[in-house]
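Take a look at the following structure, please.
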Amino acid sequence: MNQLSTSQRVFRGVLLGLVILFFMFPIFWIFLMSFQTNEQILRIPPSIFFEPTLINYQALITGRLETQAGNLDIAFMENLWNSVFLSSSAVLLSLVLGVPAAYAFARYRFRLGEDIAFTILSFRFAPPLLVLLPLTLYFEDIGLSNTYTGLIWVYQLISLPLILWIVRGYFEDISPDIESAYRLAGHSWLQTFLKISIPLARPGIAAAGLLSFIFAWNNFVFALVLASADKQPVTVGALAFVTASGIQYGQIAAGIVLSVTPTLLLALYAQRYLVEGLSLGAVKG
Amino acid sequence: MSEVQLSLNSVDKTYYGKKIEAAVRAVKNLSLQISKGEIVALLGSSGCGKTSTLRMIAGFEGVTGGTIQLSNHEIQQLPPAKRNVAMAFEGYSLYPPLTVRDNIAFALKAERVSRSESDAKVMEMAKFLEIEEILERYPSSISAGQQQRASLARALVRKADLYLLDEPMGQLEPQLRSVLRVRLKQYLQEHQMTTVLVTHDQTEANALADRIAVMEDGELQQFETPTQLKHRPANIYVGTFIGEPPMNTFAAEVKPVGKGFQFQLEETGELLDYQKVDFQQPLRAQLIQHKRIVLGLRPHAVKLGKGALQAQVISNQWLGDQSHIAAEFANRIIVAVSHQREEFQLDENVPFHLEAEDLHFFDAENGNAIAHGLEM
Amino acid sequence: MSDKAKSLFEAYAAGKMSRRELLTKTAQLGVAFGAANLMLNKASTDLLAADFNWKAHQGKSLKLLLNKHPYVDAMIANLENFKSLTGMNITYDVFPEDVYFDKVTAALSSRSSEYDAFMTGAYMTWTYGPAGWIEDLNAWIKDSSKTAPNYNWEDMLPGLRASTAWNGVPGGELGSADAKQWCLPWGYELNNVAYNRNMFKKAGVEPPKNMEDMVNVAAKLQRDLGGPYGIGVRGSRSWATIHPGFLSAYANYGQKDFTVSGGKLKAAMNTKASKDFHELWVKMIQDSGAKNWSTHTWYQVGTDLGAGASAMIFDADILGYFMNGGDNKEAGNIGYAPFAANPNASAPTPNVWIWSLAMSSFSKQKDAAWYFIQWASSGDHGMFGARKMDFVNPVRQSVWDDSEFRSRINESYPGYLNQHDLSAPGAKIYFTAQPLFFDLTTQWAETLQKMVAKSVPVDEGLDQLASSIDRQLRDAGLG
Amino acid sequence: MATLQLDRVTKKFKKDVVLDEVSFEAEAGETLVIFGPSGSGKTVLLRVIAGVYEPEEGKVVLQGHDMTDVAAEHRDVGMAFQNFALFPHFSARENIASPLTALRKSDSEIEQQVKSIAKLLKIEHVLGHLPRALSNGQKQRTALARALVAAPKTVLLDDPLRNVDAKLRFEMRLELPRLLRRFGSTVLYVTQDYREAMALADRIAVLVGGKIAQFDAPESIYLRPSSIEVAKLFGEPAINIFRGQVNEQANRVLVNQNQLILPKGFQNKAGKTCDIGIRPESIKLFREKRVGTTSYEVITITPLNERSVVLLRSQEGLELLATYPAEEQTTRIGDAFWGMVVPEDLMLFETETGQRCLPEQN
Amino acid sequence: MSSTSSALAAPKSGRLRKKILPYLLSLPALLVCIGILIPFFTAVYYSMMRFRLNLPYLKGFIWFDNYINFLSDPAFWNTVQISLLYAFLTVGLELLLGLGIAVLLQQPSKFNNIVSVLLLLPLMTAPALASLMWKLMTNPNFGILSYLVSLLGFSDFKWASDPSTALLTVVLVDIWVYTPFIMILLLAGLRSLPKQPFEAAALDGVPQSFIFFRITLPMLMPYLLTATLFRLLESIQQFDIIYSMTQGGPGDQLMVFQVQAYLEFFQYTNVGRSTALLMVLWAITFALSNVFIKQWLRLRERTHGNG
């Protein structure tokens, strides 16, 4: 099957090449940039030939940058850690809350069930600022301002609906017979849920978790508004390279590279789940 | 039969896995000639290569070796669309976004058949397969059996050089199945439609096919009419595969006695005594030459009630128009079929006998048939 | 520290020895330069401690909200001294300027008691003050029990003192008698021309003398240099586009943003003179501004000058200062010029930006916070920053008078002092103080962008702007 | 003692009534087959008993305890699903062992019990495989082993032979009763193959449209179906049904101008219209004319395993299906047969309700 | 035997427990979200107030005046227009592009799998950082893209700084960041489509285009709907990219809802107007999402056999 003529094949190849060029080039360029000094970056015209330097990474990792204006403290590694901590805690919490809920919506038809499901889903569609602005006005009063807890809670807006939506559909695609069989074998609901339902839904859970991790990681406005400096993720932290003594382009680039790395590694690891996990379930309808 | 419509010539199919050792030869050196208007069933258990064969004819799989000719043209290199073959799929092959009507008419539409003609054809097929009422429904909302009939309609409505039917009735309810079988066969014959049908169900193959190709392990075992298959199975495999309940088999030693023979069962030593029977010469010579054979006995040929042999009943099932009796004989289970209701009790010892003309003789080494009954 | 060294410092502290003398001598004693510096500050700190109880809030901990800025670097470098002086602890959050003010708004609007003091500009206090988020610092300045006798408030440049004081009445004059001191000046910048001396030489031009001249010089530079653009000014959709060079030049023509009569405000940017000025300004950007002018904030304006991508800028003088040093490509090539846009004007009238320190109304330890503000705005810290760090421009006359500071600047940044000294008398905030400052200036910037993009003609744009502003003023009960 | 009792069980899905007041009892050790066309509610019934579905009304009583509200895992029920429902991430061994682990048996005990049932079902050699590596037959045996291994009091088998091929199906049909006898459990067996039902059942519950149409021993159902509906469900090819007119003497019935002999006892039907049912095997066929036979022309012949099915047409135009042993292979289309309906095998049904008319006893 | 005793010991409340279970399972998730409802209702309240933090004396409840003022406010209509234009433009182009790429990568092969993961990289770049990247690349002095474009003769191409190209630039960044999201969803969709209908079509000699539009696309519809839903609603609420790239400029060229609301709040401290703007945005979003979810549910019903 699938016999393609040579011209078709060449055409496809060219198209794919263009696609890869468009999506990869910026990343490639930033990658190169991260190994250049500001001076090299600011060369006109730009050139891809340069002597690579590690000072940008060195500065980011040691947290100290020497400039003529003195030593600057850069909290980039802290920011990176905050990103890791915030995103993974938020996703974990969402999984803990969302997977059982998704299961409930998938398996039971109960009063208000669809309404609850839709309500939770609709949070995904509320403009973030709509919630954030009032929150800034009284996060202080409820003692959540500038805490990881507060941030993780607000992050649920991003991750919970997504997980619910995808995982629910995934559960719906798993034959309930398999669960029934385990219960008939004498196991309780909880045992069945843990030993059968969750392992079977793993690709869906992994895909949903990965996507919401990416979205949580990429979030900008929540952290910008709600987090103080020591709780800030990289998305906000990267702005710190704009200093009065000049814009540290090389470090911005290195910062971008470093900030993409964890999600990339995660995605590579979970890649096989991604397509599989998304192909069943929610999205499918 | 006349002109050859489809010809498979030494067709081979090997699936290569990731490693060379993992390669699977699914179809081995298969040659078949099918005449115009003939209905042929590919019959075999799952994994025997019948579906691969069908898919090679359709063009979904390339051949690894050999050629396929349809209407005297080699087609194995052509894409499916160019082969002019229609196919009804086993499972859910309907186009989900289209109604049943549009599904059936889809190919006609692409062929730019006029609207009225297409409507008429669709209606004819729908009536024929009893799906008029679901023409406006979507595939997901109809039962598996209805889907299968719609899929069948979609294949039959087209004009093609060859019709491929993959388990066309597997999903139907038993009642409807027996009705449609008859109707389908009539239709195919009437319209001179050359058909290759894949099935694992011999009832279906028997009912529909002019000839049946029995396949096992990628190899063609026998290609014959249903009656011939039943009466003259080419080997033990065909013998035990065809016939319901399956044929009883016993390995035995050949002991010539006078004009006749005695067959001594290998494990337990019971004697089947046919010394008074006149075995004709060629057969006789063959049997003597073989010494060790396998005897095949159709359950229908096991005559219960009298005889020198005895078996202990372990199961007696009456199915309305026949009884299946299983009994222990020579440490094995022998199955008998009777067309009346038998009243044997469990554990009862029942005498039985076997007529020499009902015996099938197979070579114990390679399983090939030596003779059927007393003929040769 | 050896006794000998100690006595040297004491001698210095007692004014018996010049600083240079001290450093030479300590060096001879083998005390490393850095350590000597610290000791020097220590000595001044000790001096400061002489007749005031700095330890009154010992053990307390303050938290500051700071913008990423060289002033902050200077402060942090000197922070140990504050800690040892007062026995207090200091923590701080530093945010990049892109988001800094949003963070301040977020923190204050949530009535957060987290931060005790924070950096601000004078304009912001026009929002924070009426909103009730910050304290009138007069209460502390004037309280001798809380303010060290040698604090010397009068030493602060008077223009800056006035510019950071407002009575809270929309349109009310800055620094009036009933004004509240919403914040204390800390460091400031005024707006003038900084230029690339090499490029000017190459193109054979002199720093512009007035607005028309600037348009022509920029165009010529752009034409002749074949690469760098003529002039860098800010252009982003923000109040920050209006306040530097633009308003400085605008004010030089005697133009106002509002007219105030009977406590009511009225937009004043659609006068004939204003329109003429806008025409010139827009033409200048169209002809010789940065291609991505409409996204330019101060750091792009600065970076371009430092990288040799622009030939001159009309922006904060300290931008030119910073671009003349460090690893900037054009370091050492930057020259400075005072600029009066109006050919009929006698002197430049630069609008100023004043980095100040304000005290949060929600602070739970205001007296302690005042100790920090007081210390950070003291002459001693100012002197330290100016001499050792890039704490320019200082806000105290005594620092400007310091010969060590002056000679250092003169050596490394020729022309800088001259530029400052000539402009300083006319330097102040030229905006009318009123709470809608950010709405209206942002809209002004937006109109400017439209005019540069030619999506609206200048005079029509200004008329629309004025009427829109008048409507908003009315809506807010100000017009 | 009845070990399984259903008392007016009703199950609805939204507005569809899937089970309509189903009641029956099963004895200990009995094999009860639930038979019916697809969509008749067989599977739902099994699931209600298992506790997978809750009935809207009625009671499920197992071993004398009302189990209606008891969770599935506490019912002591083993079930084999039609689609096997094996745990895909467990090996065959773990699948089979799952009811034993729930009982917290020791590892050695589990191993020994799994081995013994695997041996019985001839799947010892694949115990280490994951379900996806098993053939359909092996999957089916694994599912069966899982249902039986803990020797539950009630065993529910949902069409377990549906997805396996003919040869294996026949073997299992022989083996299964013996296997089930060993465990002594009450077995509920769902199938839509009437032969399987007759072969395996002690009693058959015929379920049509969510109601029990007949509940009886296999031969009673085959020979004395309670209605046309039930009669049609048993037998292949299906029973011939004709509209007929009983004569005044009530000894003949006129079907399409053909006279058929009516068995005794239908005086009350004299002169009335009835539906007549004739099973294909009740028509005796001869090559030559005999007393009481009618001549038929062969219209079609379809081989059906050991028999051949012929569609016959009488001169009067009556068309009926008959069968004869396949060994006679000389028949051709257009041949003539002489046929006679065995009077005792003739069935009468009410035209309105389809209920069978019973002959009067005297 | 143990079975009887275990049956006796079995809780009789099975039915009740089964009734409660789904609520128990879904409630924690709901509660966490409900907490967020409180700010939502606060926002509703604020949106009906004249409420500027820096003009405290003006504070008061004014019912729908904020909304009524919008009607005559050209800036508001500009915001509506720009937001919708931006959303439809980005999502439309991303759908086309994403679908195209997914079709190119449809056959599962090692190469295609690697490419599909590589293409996810932009999605993993936070939009805020991606904007920064593109700003660097479009910098008129040293930006590689500006340089490349100038080689093509567009030396005066101003990217995000010019009103005529600002939208295009920002849309380009949005496409760069989010097309992979649509691509991966559609790829998953394409790969999960049953093969048989396509074989049937191939055999019947139906033209490729016919198959694509009549069969493939409709079968992909649930995926397309989900992708569109998630993207459209996110896109109409776009903040990160636009704010980082242009802060809404040049002029009011890119003053979309959230940027406008952000400025209103954080710079002008006009809480009333800011929340009212967001409420309008929420209403639009809610209406759109309802349309899509209804449609999606309808399709789901159909595929699940109730249609």
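Going in written order, the chains are labelled A, B, C, D and E, and every chain counts its residues from 1.
The rule we apply is simple: a residue touches a chain if its C-beta (ideal position, glycine included) is under 8 Å from a C-beta of that chain, and two chains touch if they have at least 3 such contacts.
Here the structure is a predicted model, which is why all the values come from computation and not from measurement.
J.: Which chains make contact with chain A and with chain C at once?
T.: In this structure, the chains that contact chain C and also chain A are E.
J.: To get from chain C to chain D along touching chains, fewest steps?
T.: 2
J.: Which chain pair racks up the highest number of C-beta contacts?
T.: Top of the contact-pair ranking: A-E.
J.: Using mean CA coordinates as chain centres, what's the chain B-chain C distance in Å?
T.: Centres of chain B and chain C (C-alpha means) sit 94 Å apart.
J.: Approximately how many whole Å separate the CA-defined centres of chain B and chain D?
T.: So the centre of chain B lies 25 Å away from the centre of chain D.
J.: Whole-Å distance, chain A centre to chain B centre, using C-alpha means?
T.: Averaging C-alpha atoms per chain gives centres 56 Å apart.
J.: Hey, what residues on chain B touch two or more of the other chains?
T.: 59-60, 79-80, in rising order.
J.: Where does chain A touch two or more other chains at once, residue-wise?
T.: Within chain A, the residues that touch at least two other chains are 1, 42, 44, 137-138, 189, 236.
J.: At which residue positions does chain C touch at least two other chains?
T.: Touching at least two other chains: 102, 106, 109, 307, 309.
J.: If we count contacts the way the header does, which residues on chain B are in touch with chain D in the complex?
T.: It is residues 45-47, 143, 145, 173-175, 178-179, 181-182, 185-186, 200-203, 206-207, 226-227, 230, 240-241, 243-246, 300, 314-315, 317-322, 324, 326, 333, 335, 337, 339, 341 of chain B that touch chain D.
J.: Which residues of chain A touch chain E in the complex?
T.: It comes out as residues 1-2, 12, 15-16, 19-20, 22-24, 26-27, 29-30, 33, 41-46, 93, 97-98, 100-101, 103-105, 107-108, 110, 113, 116-135, 137-138, 153-154, 156-157, 160, 164, 189, 214, 217-221, 234-236, 238, 249, 252-253, 255-256, 259-260, 263-264, 267-268, 271, 274-280, 282-285.
J.: For a test of understanding, state which residues of chain E touch chain B in their complex under the given definition.
T.: 194, 196-197, 199-207, 210, 214-215, 218-219, 221, 302-307
J.: Okay, in this complex, where on chain B does chain E touch?
T.: Those in contact with chain E are residues 58-60, 79-87, 89, 91-98, 106-107, 110-111, 138, 140-141, 151, 154, 158.
J.: What part of chain E is in contact with chain A in the complex they form?
T.: Within the complex, chain E contacts chain A at residues 19, 21-23, 25-26, 28-30, 32-33, 35-36, 38-40, 42-43, 46, 100-101, 104-105, 107, 113, 115-130, 132-134, 136-137, 141-144, 147, 176, 179-180, 184-185, 187-189, 191-192, 202, 221-223, 225-227, 230, 233, 237, 239-240, 244, 257-258, 261-262, 265, 271, 274-275, 278-279, 281-282, 285-286, 289, 293, 296, 299-300, 303.
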